[in-house]
Amino acid sequence: MKKQYLALIILGGFLLATGFINRNDYYFNVLNILILNGLVVIGLSLLMGYAGQVSLGHAAFYGLGAYTSGILTAKYGLSPLAALLAAQGVTLIAALLIGIPALRLKGHYLAMATLGFGIIVYVVFKELISLTGGPSGLVGIPPLQVAGFTFLESKQYYFLFVGVLLVSLLLALHLAHSPFGRALLALHDSEAATMALGYDTGRLKLIVFLLSAALAGLAGSLYAHFAMFISPMSFTFIHSVKFVTMVVVGGVASLWGALLGAVVLSLLPEVLTVFEDYDVLIFGTILVVIMIFLPEGLFKGLGNLFLKHKKT
Amino acid sequence: MEEILQYLFSGLTSGAIYALIALGFTIIYNATEVINFAQGEFVMLGAMLTATFCGLNLPLPLAFALAILITALAGILIERLAIYPARKASPITLIIITIGLSILIKGLAMFIWGKDPLPVPAFVGERPISVLGATIVPQSILVLATALIAVLTLEAFFKKTLTGKAMRACAANRLAARLLGIKVEPLVLLAFALSAAISALAGVIISPITFATYDMGTMLGLKGFSAAVLGGLTSSTGAVLGGFILGILEALAAGFLSSAYKDAAAFIILILMLFVKPEGLFGTKEAKKL
Amino acid sequence: MKKWFLILSVGLFLLASASVWAGEPYRIGGLFSITGPTSFIGEPERNTLVMLVDEINKAGGINGHPIEVIIYDTEGEETNAVKKITKLIVHDKVLAVIGPSRTGTTLAVIPFVERYKVPLISCAAGIKIVEPVKPWVFKTAQSDRLAVKKIYSYCQKHGFKKIAIITVSNGFGQSGREQLKALAPQYGIEIVADELFGPKDVDMTAQLTKIRAKNPDAVVCWGTNPGPAIVAKNMKQLGMKQQLFMSHGVASKKFIALAGEAAEGIILPAGKILVADQLPDDDPQKKLLLDYIAKYKARYGEEPSAFGGHAYDAMLLLKHALAKAGADRAKIRQALENARGIVGIHGIFNMSPKDHNGLDEKTAFVLVRIENGDWKLIK
């Protein structure tokens, strides 16, 4: 765990230094989106890597957070902080509704159920026009305001997001390395064995699922205030798949790996714009190649390569 | 009454397409435990190639055969280049590989065929046929007939031929199949070719109705996947019924509830079905592995 | 980075070595959905802008200043559009931005152009972009309201009172649906059925069966390819004889190719570009239209679509503003707002502090009927 703290401090230092050095709002915006992806991915990594469950509907939780925050502030004039808390409530209730029945089943039924859930939520975003603004989106979301301070610039959001990310990561690391986390890992390997050790596996899985949904909802709320405009296009099935892809490309087995995946897959499209219209082809190829040659993800794969190199 | 019949016709047409795609999913899933997210792209390739060959004024049967053959080759290529090298990886890694492939194929199609939908002429006449007050176009009947023939042929292949039986054995228990002297690798390759071909067939027969667009595969793949899940993911009969059920549910939801919420309605029922009968309509209960 | 910028810069460099530029280049940005589901909108816009800028530079630039254009792809997605708009404004320091292509992406970038105070000329149609008026935001695409007015006037003249609408469930369809519902009472029209279809749906007979049961006088379908072509075919299948109206979203030859026989007799509002050769010779837009069509065909080997025209008009307005204002964002905004009588592809623009679109239904749309696989201007 000490090593983890050290890594966390290094990451925090690096992010803060970046924030102070950088003067370009474009980079801040790219990093802001990256950090929000990172938040979702931390939760998803706990769910996938530790509880061995896949969710194909996390964009829906992200969207529920964003839309609840957006609607309550833009249409009902609630303060952003109160709306954010309400959004957490909505996300958790939705996660409970889908998680309780789905997690009782064996196999990958959570993946199937969340897939369907994601599509239903997307349809609701699109069709509940009087509330959500429909396919053309929800306008008029105010910027975030906390204790009288209004976040206006990308740089201010950046420091806020970094803070939220570090705290979430700290909590997630704690969880992963606690007896609870070890129970989860055991769950990943053998559900029956974990049950035999006296754990209520159903509850373990449900707690992690709720946690990951809450993190996605939180990221969504923050996104709504940062972008001040949301539309259903940002919360599609494709986005859910993108989150899962980030976790797997980085490495299912660790939180750091998942974060690395978020970094790589968020930055790659920005870098690839150099290739103009060909960027999709290159993106697809890179994804396939990484997975063929580093099937356990970038984090572990690169680590192994590094170790090998050191030995020779 | 006419209306219900009309909704049924509409649902059967979409359902037949979903059924064929769902079959493609189950074939690959049975062989490799991989959910192939590039399945929809096979459908797109089938449709696009049909549009191209029809544009070249090739005789229709030749155009169809070529479209299906080339897509099957693409399936083989994909297995050799991307799935086989990673065969030892976990299913989720393989699934992400298929996602990457899907992005890649879609991108290539965009470059080859452009971004606009391509027209495909109707294979049979366009004069609608009236049945008990409801109408159906000949192309829809063709879609239904083709889907049924394809399903029956596949069923016969799996039940009657040695290769088909070997594939089923492999799906049931790969290790045991190996011990019995069944070579697994060529069967996996065959599964990809077969799966690609049947999805391409779906693309071919649907192209005059929906036209051919480079990004048509994603949505169709998603619907096909849902149908496959509904059917239990391992059973081909289940996949076919799953496809028809999904198609008919959508049409009925659009007709009787609200066309705005038809997709949601179909998926709510899908989820409820999963909760009530988790192994799918025709899935077999998984043996517990310790 | 979409290196059109690079290509253009190299071109500029060659040009510059031949003729000496009097001034610093004016750097502008373009933001289009070049890939993704709405790429059919973004691509012709990108092509048109690149072509037009080349043309302006060859003709000596604006007051001796060459134009340098940097174009990024939004993939039609909001999050991406937000990143790219800041890149254009902060990183590339452009004077003004043309685009984005979609209403959604435009609404997404508006908070940012307002924050950084950069003029934006959107190529999207949604009325929310300019209503209420935002100081820094303009648009060239005709609002859907004008298209609906054209259709309803025709309905009124021909005694169609009961109308069924079937719209696609995306931003374009939603905007049309809202206007169709809002304007109906003014024309004494009753909407008897209001159905939707998904952009990738394969069969619309269920919705049309419902519509048929209501026995409307006419059907209005609002969407972009390929959905409306399926609607047209399905209507024929169901033996529905009502007059079918489409939106300007399908105003391209591709629609006729897709719908085939079923396209015959359909009436739709369209930009004049569709029937440029059928316009009377005294139409002030005719020469520009024919010129644009010829040049686009020569360069890209295909007919330009209506979407390209939106980018054309945006560049035309920006050229006018740059010539007046020079390299000053606030002055450019002012000049855009005061632009009057600008003859463009999709109408004659008369901007004002109250109207940041500046089009009226007289010049923005004509009604056309599809006859023998071609457009026929309804006079």
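Just so it is clear, A, B and C label the chains in written order, and each chain counts residues from 1 on its own.
Quick note on the criterion: contacts are C-beta pairs under 8 Å (C-beta built on N, C-alpha and C of every residue); 3 or more make two chains touch, one makes a residue touch a chain.
Note that the structure is a prediction, hence the values are computed from the model and not measured.
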item	value
Farthest chain relative to chain A (centres taken as mean CA coordinates)	C
Of A-B and A-C, whichever chain pair has more C-beta contact pairs	A-B
Separation of chain A from chain C, taking each centre as the mean of its C-alpha atoms, in whole Å	36
Distance between chain centroids, defined by C-alpha means - chain A, chain B (Å)	31
Chain C residues counted as touching two or more neighbouring chains	35, 169, 196
Touching two or more other chains - residues of chain B	110, 218, 260, 263
Multi-chain contact sites of chain A, meaning residues that touch two or more partners	126-127, 277, 280
Parts of chain C lying in touch with chain A, wherever the complex brings them together	1-4, 34-35, 72-73, 76-80, 82-83, 86-87, 89-91, 103-104, 107-108, 110-111, 115, 126, 128, 169-171, 173-175, 196
Chain C partner contacts - residues on chain A that touch it in the complex	24-26, 28-30, 33, 126-127, 129, 134-137, 139, 152, 154, 223, 227-231, 233-234, 269-270, 273-274, 276-277, 279-280
Footprint of chain B on chain C - complex, ascending	35, 37, 39-40, 43, 169, 195-198, 200, 202-203, 205-207, 209-210, 213, 225-226, 229-230, 233, 236-239, 254, 257-258, 260-261
Contact footprint of chain B on chain A as seen in their complex	48, 54, 98, 101-102, 105-107, 109, 112-113, 115-117, 119-120, 123-124, 126-127, 190, 192-193, 237-238, 241, 244-245, 248-249, 252, 277-278, 280-281, 283-288, 291-292, 295-296
Partner chain C, residues of chain B touching it in the complex	3, 6-7, 9-11, 13-14, 17, 110, 115-117, 119, 121, 126, 128, 135-137, 206, 209-211, 213, 215-216, 218-220, 250-252, 254-255, 258-260, 262-263
